[in-house]
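All chains are identified by letter, namely A, B and C, in their written order; residue positions are counted from 1 within each chain.
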Amino acid sequence: MVNRTQPLPTQPLKQLADSAHTERCTGLLEAIEEDSATLLDLANQSVVSARQFDRNKLTQLCRLAAKYENSPAPVQRPLTGKILISAFYEPSTRTRLSFESAWHRLGGDIMSITDPATTGIAKGESYRDIAEMLSGYGDVVVLRDSNGTAIYEMMKSLRIPIINAGNGTDEHPTQALADMYTIFKWRPALLQTRVAEQDRIRIGIIGVPGEMRTVRSLLLFLSLVPQAIEEVVVICNSDDVFSPGQREELEERGLRLRVTADMEAELPSLDVVYINAIVWSGGGYQEHGSEYRLSKDSPLKKDAIILHPLARGEELSTDLDETTHNWYFAQARGAVFIRMALLTCYVWLF
Amino acid sequence: MVNRTQPLPTQPLKQLADSAHTERCTGLLEAIEEDSATLLDLANQSVVSARQFDRNKLTQLCRLAAKYENSPAPVQRPLTGKILISAFYEPSTRTRLSFESAWHRLGGDIMSITDPATTGIAKGESYRDIAEMLSGYGDVVVLRDSNGTAIYEMMKSLRIPIINAGNGTDEHPTQALADMYTIFKWRPALLQTRVAEQDRIRIGIIGVPGEMRTVRSLLLFLSLVPQAIEEVVVICNSDDVFSPGQREELEERGLRLRVTADMEAELPSLDVVYINAIVWSGGGYQEHGSEYRLSKDSPLKKDAIILHPLARGEELSTDLDETTHNWYFAQARGAVFIRMALLTCYVWLF
Amino acid sequence: MVNRTQPLPTQPLKQLADSAHTERCTGLLEAIEEDSATLLDLANQSVVSARQFDRNKLTQLCRLAAKYENSPAPVQRPLTGKILISAFYEPSTRTRLSFESAWHRLGGDIMSITDPATTGIAKGESYRDIAEMLSGYGDVVVLRDSNGTAIYEMMKSLRIPIINAGNGTDEHPTQALADMYTIFKWRPALLQTRVAEQDRIRIGIIGVPGEMRTVRSLLLFLSLVPQAIEEVVVICNSDDVFSPGQREELEERGLRLRVTADMEAELPSLDVVYINAIVWSGGGYQEHGSEYRLSKDSPLKKDAIILHPLARGEELSTDLDETTHNWYFAQARGAVFIRMALLTCYVWLF
């Protein structure tokens, strides 16, 4: 029960911008030379997989995101009159709001499909027919679907670009873009073509790459900057860590991978720790995850940062929120700006 | 499971505009002399029934729709600051998105009511009270309700225009407007005051006019151009084809109607075949519809076009999609433009 | 079943503005001297409780609301580019549309969360994490939650303002603002610093102040103008009328309160009768409310006005709709303008 002793909001709000954070954006901006032309390739393309990006595109997207994050509200609204169809056939408040916020901030309008039960897919309508409808009514589609192949089916007949906001256990490329953007804000030097051996980082990923779409996309993006990474340590107690061909592909692309089940032994030497809500197939936190819990008492390296795509469960203790390891809130905030950067590319389409 | 062999979207999108189609719009534009003044009547009116339209209004709406479809994104946003309340008490993704897209493209804002369970009607609130609320909060209402009289009840106290997006089994006038727009794009000459006997068309409608709102509205619109229609053949195996007075009204308006149950016998002589998802009362596809299925193997006239308001079920085979009979996709695309034309009339209201 | 004899909407709509009503707005405008500076305090604040307002702020908000209600659509769109997150974790069409309409009319964009089942709160996400997300993705949050302390929890970490649209049984301050705005439009003289004894009003409130959030907030606002109120009569047959400390606080603030169960005895001497849908805890209309029903036959004072936050149930007969006692429809209409006034304060934030 609320009572009259509850403190009223008479104080001004906390400062809107975190000044240390703004400095980070400036650092990233200074580290990257502008080359917007490379983003033109994205103007007439759907975004389905992290495989579509090369290092230059990734770098320029991060640059543009930092520019947006660093500046006050943009005066221009380049997407005025353009309609985003936000189709979340699998519910997600966080990713949906992040995309919608980015589109709105660029001036565009939005039509949402959030109730799967009322849509054509539920009624057995074919992806071809749905793609026809979306092509006629919007300018860009953002799709989340628990069926991994739905987006590929739709692309066969869509006449407008579609962006993958999570397709089954396959990929979630824009989440991974947000992860990369956070890492580069933290250490802009990692974008250099040559990174000195002592500056290379060690990244720990707690989760099952073969079954987690965010991890799958992140590993593909990390393999674009192998010169900056000493090693990626996959921390997981599953037998089926990788899906068929996944490890081979990543190693071909230059990533050094190691798998271990012992998180505690690895933490003291990791620069980046990526952890995910433990929702592994065939079991839950009790069965697979209780040993993989990060808290203030974890043996973290002093400068280590923690990333988490959120929403979190018990695997990430809130006692870390007030520590310098907490970069997951910055990661969530940055997600809007990297999506603004990506969506800006569609301005050239129109 | 998605694998790395899925083709990535590295190719440019299919051409956004279908050039043959654009030519059709031009043809329609050239066939109609502009007379926008006639649309002024719609500025302060609700749209409930196809009976509200005369041939001139229908023609001018089609002209304006063709103008929109034929031109790139309009620069003007005449509905800026105006709010559409999109109230779908009976779910419909397709019609809802089509209306919302049209309103957005004209610059307006939208508030959606898509969850019937949370609305006043579900809580037993009276239509009068709901109409009061809508009048205060929006500028135009689009309503779909499974109760056919709801819109008439609301109109008694609404102080803003309301548009019927499907009221029970009664009418769906804007869907029928989209149907007519498609037919006129296909044959602009049908709009002439005098159509030579050999140019008149034969239209087959597969469905029950007495129980299908889209068919009911379409027949009323067709009766505005009896000079262009040799015969409308209603194809249906029901005993109760028409609702009381329906056939008489249509014949008074000049339409020649015939009813038959034998689709195969009629197809070779039909110019337009209109088919609907088989959702007849007291039975389904198995009981009433399995003999009414169109496919590539149907004995269609060479130049015949097929219309379907979509979403489709088994009655319309996807093997027709790549044939020249497929005008149902064009029909779906045109639905946005004809609704833009209709909504443009409200600009004069403000 | 709808038939062709239904009257078609060929008549122009009823007049959009009620001219008597417009006069009322003018009266209120003339009674209040402009002092917008006092509203600056609201620019960087959340709005949680009626306790945050003093008489001057209340007065100036009503003045601004009357200005909006009295003028045609505003040309300026001061909230262009700003995003409202409309988070209704407890469903409400009426309050949600009223807020969204106000925000749209000021030019802003909206992202809605209307399906509680899909949101983080349902998944057990902490308020802290949700507040982080909302801070990153929007500019202002409107929250309704059946948990009364949720808004206080969120405020601890939110970096953007939040507005209380109903928190459990605690408060609903913007509904009460709409109530006060209606009362002042009816009698602008009540805003004078000194009100002659014979001009003071008697207000009856049918409901349980301890358990109804709208009543709780209204009483706090009424206590800002004790010089204009002879007495507030709480009409209720419950044993627990007030929550702990509630009556004491109101009396400290200068309100004269009396409790009675006998509505009929009070009605002839009440100037304002405030009635609410009877949804009392531990019982319904049958048990608690059937004796508290207003109709044309109720012994109302000739000039008395009835207020009701709507949606209504059986406690308010529709036979009152066409009488001069009906100010509840004006109250509903005014709700958009008072919310526009409140939201305008955030323009200074940006």
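Note that in this section contacts are C-beta pairs under 8 Å (C-beta built on N, C-alpha and C of every residue); 3 or more make two chains touch, one makes a residue touch a chain.
Computed from a predicted structure; not experimentally measured.
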Same vs different contact residues, subunit B with subunit C, by half of numbers used: different
Cα superposition angle of subunit A on its copy subunit B, in degrees to the nearest 5: 120
Intercentroid distance (Cα basis), subunit C paired with subunit B, Å: 41
Sites on subunit C at which at least two other chains make contact: 112, 114-115
Residues of subunit A that touch subunit B when the two form their complex: 44-49, 51-52, 80-83, 85, 109, 111-115, 117-120, 123-126, 128-129, 132-133, 135-138, 148-149, 152, 155, 158-161, 167-171, 243-245, 249, 350
In the complex with subunit C, residue positions of subunit A that touch it: 1-4, 6-10, 12-16, 73-74, 77, 91-94, 97-98, 100-101, 104-105, 107, 110, 112, 114-115, 310-313, 318, 321, 329, 332-333, 335-336
